[in-house]
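Some structures are shown below for you to check.
Shared chain: subunit A. Partners: subunit B in the first complex, subunit C in the second.
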Partner chain A sequence: MDLQKQTVNAGVPLAGKAKTAALLSVLSMGLGQIYNRQYAKGILFLTVQCIYIYYIVTSLAGNLVGLVTLGDTPTKLKKVGKLYKNVAGDHSIFMMIYGLVALLFIVILISLYVYNVRDAYRNGLVREQGKRTRSFLESYSHVTQNSFPVILLSLPMLGVMFFTVLPILFMVLMAFTNYSAPDHIPAKNLVDWVGFETFHNLFYLKQWASTFYGVLTWTIIWAVTATLTCYFGGIFVALLIQQKGIKMKSLWRSLFIIPYAIPQFISFLIMRNLLNYQFGPVNQYFRYFGLEGLPWLNDPFWAKVTVILVNMWVGIPVSMVLVLGILTTIPKDLYEAAEMDGASNLQKFRNITFPFILFSTAPILIMQFAGNINNFNVIYLLTKGLPANGDYAFAGSTDLLVTWLYKLTLDNQRYNFASAIGIIIFIIIAAFSLWNYRRSRSFKEEDMVQ
Partner chain B sequence: MTSAGKVMKLTLSYILLTLIAVACLYPALWIIMSSFKVGDSLFSETLIPSELTLQHYRDLFLVHSDKQIPYATWYWNTLKVAVMSMLLGTLFQIMTAYAISRFRFAGRKTLMSTLLVLGMFPGFMSMIAVYIMLLQLNLLNTHFALILVYTAGSALHMFVAKGFFDTIPKSVEEAARMDGASHTTIFWRIVLPLSKPIITYIALTTFSGAWVDFIFAKLILRARENWTLAVGLFELVDSYSSTEFTLFAAGAVLAALPVAALFIYLQRFLVDGLTAGATKG
Partner chain C sequence: MKFRKSLVLLMAVIMVFTLAACGGGANNAANTNNAPANGAEGTNAGNEAATEEEFKPEEGAKLVVWDGGEQKPFIEEVGKAFQEKYGVEVTFTEVGADKSVERIITDGPAGVGADVFVAVHDRTGSAVSSGVVLPNDQFEEETKAAAFETAIQAVSNDGILYGYPKSVETTAVFFNKDLIPNVPATWDEVVKFAGTFNDTKANKFAYMWDTGSSYWGYGFFGGYGSYVFGKEGTDPTDIGLNNEAGIEAAKFIQSLTSIIPLKSADINGDIRKSLFTSNKLAMNVSGPWDSTSFKEGVKNLGVAPYPKLPNGEQMKPFSGVKAYFVNAYTKYPNAAKMFASFASSAEYQKRNYVLTGLLPSNKSLAEDADIKNDPIASGFLAQFANSVPMPSIPEMAQYWAPMDAALASLWNDKTDPKKAMDNAVQQMKDNISTGQ
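Take a look at the complex of A and B:
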């Protein structure tokens, strides 16, 4: 092998092929491949480049300019002949989206270009060694064999790209514009870049700031309380079932899982009616016993208590199932040894059961916390964020950041504020989940089995 | 502990268990009973109504001139969207999980972290953009758009499946490769048949996910006859809450049945799913 390489390298005409091919490919995609006598591949690259050039000339450049200016001709009434007509101006938001798509295409083009140059260089090296480059069909089967994961991933990732990444980028951009009702809604008006003004208003402008801090505080109180009540509730119920001497364990388990089985959009709507102040059966029972009944969903304080209670109803079964599973994995001899030492039930729980449960569920606990920050269904379907709060801008007393964002978007068209809040939630959630994930066993030791 | 103390403790436990069971069952029982109740009000003297009727179930499927509740259409819409999303979403999710679990390629860990973070990102935060894109594609108010949105996001939830594929020994594949099997053959003929449990799990969760989604369904579907059950029932009880309550109850019972049945069947996968998602990755 080495000998062959030396003799080949000694031949002058063969040297420098890699560099030439790479340079040609820098000049134009596909030229290096054609020089390497990989005609089909080269023509393919050339075609892609031509399509790109056509696209750049016809629309891409304009789209990029649009992304910067966000349009400069507003929709106006113009005199056409004798009549005034509404002449459509620039639509800032469409310009923004087209601009973003253009940017994405450029990123794809750049990576294709880099790939094209590297491919030309590599095949040039192969030729310098005097070997034959792959034919198109060989390349094709090589790609399908070695790039199998890429093929598998391409379609799902395209979906993620267009329906998750692109919208997120779009949302991030929106937070830096004044895209909001009533004065900056296309197509009637233009939208402009305003930098950090939205964030500044959110943090410092009186009404926005008081809403933001109020809602943020409640979101965190809610997430902590909801997570802990469901977690400890689940442990309690699981231990209750698993006690020695309790009969029909699986029957209890099946009964307790029922709340989890009912779709949330139904159970919350049921609860909302059950807890109706005037007609709801819960208050009817209270009145039957001569009590006043509680303003479950009508009073700001009680509404908060209610969402936490109702959430326990939905959330405890999940924790219960989880803890039941973990309890079966705790080695029995630990308890036997503890009993030999005369440990009480409480001591056994504190020193054996609970650490075991906590160890196995810590990551889930963190994810549930993150999930609760975004628990849209329980709030929106149960209270819609109500009761109203006079001090808040577009938010009610039980609104979480997410439901506030939803209302700002759908009901009030304050897109810039909604986007800014979205970014803040995203930072919180992303920090938690990444931290959690990097610590998890799977990320560090995933090659254990195999 | 004395035997009297033990008996006390057990009795107390049974009382507690019974109370919890009542709390778990009551709302479900109440809605079922309400659906058989004569009349249409939320108010009821007793849990079990004195007179039972099937009229509300019949009403759901009858055509009314005074109110627009095309329940059968909503049901069919939901079923259509859920089944299509299940087929496509499961395929996408399995493809992603398989590629990430079984192959080592550049940028793999970055891709995993990215998917994880994106998966944590509540989908509806990006809904303005999705809305405008669908508007541009002329897809607003179609079920295809809903299926597209559910399917496009499915790769983000691949971690359970990835955890499962991680546990299939590499030797199985290597043996097949020695016999000259291609990647495609290995994927379709060897790995997928071995993965029936996880495919079932993903298919069923995807199905119920689409069945119960409220946020996107409400955003995308504008026309009443295009609504899914989640949107329809919400609007029903939101706008007619005091006058059409029993009708809502009947509608809710029928809407909950398939998903409740699925979940009871899925119970045994539940622990695996939850732990795999978090600890096994």
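Take a look at the complex of A and C:
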């Protein structure tokens, strides 16, 4: 800014310079800058544009067309004499990815273009006021001094675009194609855009709709139940350990933490064998005491109960540790005051302990809820989504949306349905989390506890 | 001022010309970019002309082979022999026959797939329709002359041979001769035997198969005259699982809950194996892939065809042909074809039989004294004569999940057979139509 304050040219301000510069820059990147006598900058812009035009002509334009058409010549086998040769044609999925990359490059170009026009206009204004524009070196030092964070962050931003935004866009786009077995698997077959047909099938086509709504309902029930049972289970266990008169507290704590220390997939696979109706030890014990035993994993209802119970077993230790930590932060004098007023234990819990715990753990509770919607391990390792359900397409009675998605992609190649479900899962989690988080007291009153 | 304006105009014109020059350069570059591609095609054509005369592995070829984990010793042995003979290095990667086609569909075009992979023939249609396999052209005559006709049919599609059959498999009844001297000839006798042998409290059972599985359950349907995709297994519009014969089969399966009082989720291969090897299960349905481990666990092991159905017919289980396929995107098609042919030759099918107990798909080996005198192998080959090759059209992939669910609900929930089968067939139809 200090440079602009200096009045170098005291002559009559030249009217319309800003407009001319902006117009020239619209015509071609860098022209406005050169008109503004910022030659180095102008040439830099011009070079960038040249490189861009080169790539647009050689590949980007073709890639964009590919993104729209998703290919028109399928891969074929050509017979030459006795031998067949694979003549590679268009691979719709690769074309989609390349098209997306091209799209991102074009977005970058457009933003550069806008910046270039604005820059020309601004410097034109400076010249209209009769001031000298910055030289290249001055601009350079200005940028490195004032916009250093921008430069520093631009590289990670580029990374985010290509490694996070691009795959997500790719997944979203897949939901609007017919990319699925058996008839639309590249390379021999092309994939086409079908608009909202996949979503329509998912919501209205009998088999898919009944699966979708059934699995969705169970996913929500599961997420709510699993989160609440673990949360309150953890509080209960923590309070139990912290009771006055409990001896060997650290021993109990270690005992309760053990389920958390075993790798989940091992414990679930073991649980699956333990809970086998006929051959599992759990039911063998039941029978030893003359009881029938429970159809842990065989009956749709009991299988659901079982996954919630087993999830409590691995989830409660986490909440317990959390709550144990929070309990130590509650000021003792609050309890003393409560005792003076003759409060009962329940009243102390309701009015002191629980609000404290809830306040500190609300964000974690939301995260656990979102995590449970996508709790792949428990379901897939424990039940594989079974027991089978004749009314469902590619899903069993205990399948969550995420395990259904897994089966659709890896076992059945229904990529379009899977990505439609992926989008729906994302919307659900995002909506619940945002809504819940904005309602939580820790969002509203950030300064309540320091 | 006028001078300045004209200067600016001049510069603008120059810039636009420069841009045009840039564009021109780009066009030229594009052309030169295309040139090598054309050149490559030309040289490929040249190669083809050359291969007409002499078929040999490409210079510096290296092969990656996907096969099941239990095949590792076999592939390593074949690979060594192949390298000695042709100087082509062979690397083994574990991708089982049941997963290889799905993997190659994504990995093949991306250029990271195996050059040669094993697959069960029911995925032939899927592999062909996604364009990831090269036909078996160079060794077509040899292969056709050597393998069983059914095996050739199984790995062909629209009259073109794709696979290099390496083994055949079907399911039959393993039995423990100490518990039952022979597999009963009819199901009536099985039920009678179960009445004396079963003891649910002590976990003793007469006969067991995976009752919720569409693979193991098909034997009943085939035996009653039902079918999956038309009589030939090639017509996706004619699903015969809910016709009269199919419902009859479903009813019969349901009636067998009396001798296997377990839910289908409680029965799986591992549990059956542990019961079988601890003398608590008399008859265990399985395939040749289990013969090695069962031989270790059961002292007096026998294999026999399935018991006859109440209608007097033989059960017709699915049979499978495992075959090598050549990835259409391989860099070394010649070497890959040669290896596939080499590893599935009569000599190495015999070695594979010795090493891992796989049944050969080679006609002449069925007459081989070692295999003929092996009661296990000959038991399976007897059942193989009475089996139905799994359909190999791409739609076959839509059979498994709905049929699994139907069989499980028949078995566990005593669903009405007609309702269960109608539902399964409807699902298959829906699934086929939403995939189109």
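Miscellaneous remarks
Heads up, the rule we're going with is that the second predicted complex is superposed on the first by the 308 of 450 C-alpha atoms of A that agree within 3 Å, B and C clash if a C-alpha of one lies under 4 Å from a C-alpha of the other, contacts with A are read in each partner's own complex, and residues count from 1 in each chain.
Going forward, contacts are C-beta pairs under 8 Å (C-beta built on N, C-alpha and C of every residue); 3 or more make two chains touch, one makes a residue touch a chain.
These numbers come from a predicted model, not from an experiment.
When the two structures are aligned on the shared chain, A:F94 is found in touch with subunit B and with subunit C. By the touch criterion stated above, A:F394 is placed in contact with subunit C alone, subunit B being left untouched. Contacts of A:G342 after superposition on the shared chain: neither subunit B nor subunit C is touched.
Look at A:N276: by the touch rule set out above, it reaches both subunit B and subunit C. Judged by the touch definition given at the top, the superposed model places A:Q207 against subunit C, while subunit B stays out of reach.
Between subunit B and subunit C, more residues of subunit A are touched by B.
Looking at the shared chain after the overlay, A:L410 reaches both subunit B and subunit C.
Within subunit A, the residues touched by subunit B in the first complex and by subunit C in the second are 94, 276, 279, 410. Touching subunit C in their complex are the following residues of subunit A: 20, 24, 27-28, 30-31, 34-35, 46, 49-50, 53-55, 57-58, 74-77, 80-86, 88, 91, 94, 178, 180-189, 201, 205-208, 276-279, 287, 295, 297-298, 386-394, 396, 410-414, 417.
Residues 93-94, 97, 144-145, 148-150, 152-153, 155-157, 159-160, 162-168, 170-171, 174, 237, 240-241, 243, 245-246, 252, 254-267, 269-274, 276, 279-281, 284, 313, 317-318, 321-322, 324-325, 360, 363-364, 367, 370, 374, 376-377, 380-381, 402, 405-406, 409-410, 415, 418-419, 422, 425-426, 429-430, 432-434, 436-438, 440-443, 446, 449-450 of subunit A touch subunit B in their complex.
If you check the complex, the residues on subunit C that touch subunit A are 8, 11-12, 15-16, 18-19, 22-23, 25-27, 29-30, 33, 44-45, 48, 51-52, 102, 105, 108-110, 125-126, 128-132, 134-135, 137-138, 200-201, 203, 212, 262-266, 271, 328-329, 333, 394-395, 397-398, 401-402, 404-406, 408-409, 412, 415, 420, 423-424, 426-427, 430-432, 434-436. Those residues of subunit B that touch subunit A in the shared complex are 6, 10, 13-14, 16-17, 20-21, 23-25, 27-28, 30-31, 41-44, 47, 92-93, 95-96, 98-100, 102-103, 105, 109, 111-113, 115-118, 120-130, 132-133, 136, 148-149, 151-156, 163, 166-167, 169-170, 182-184, 187, 208, 211-212, 214-215, 219, 230, 233-234, 237, 241-242, 245, 248, 252, 255-256, 259-260, 263-264, 267, 270-271, 274-275, 277-281.
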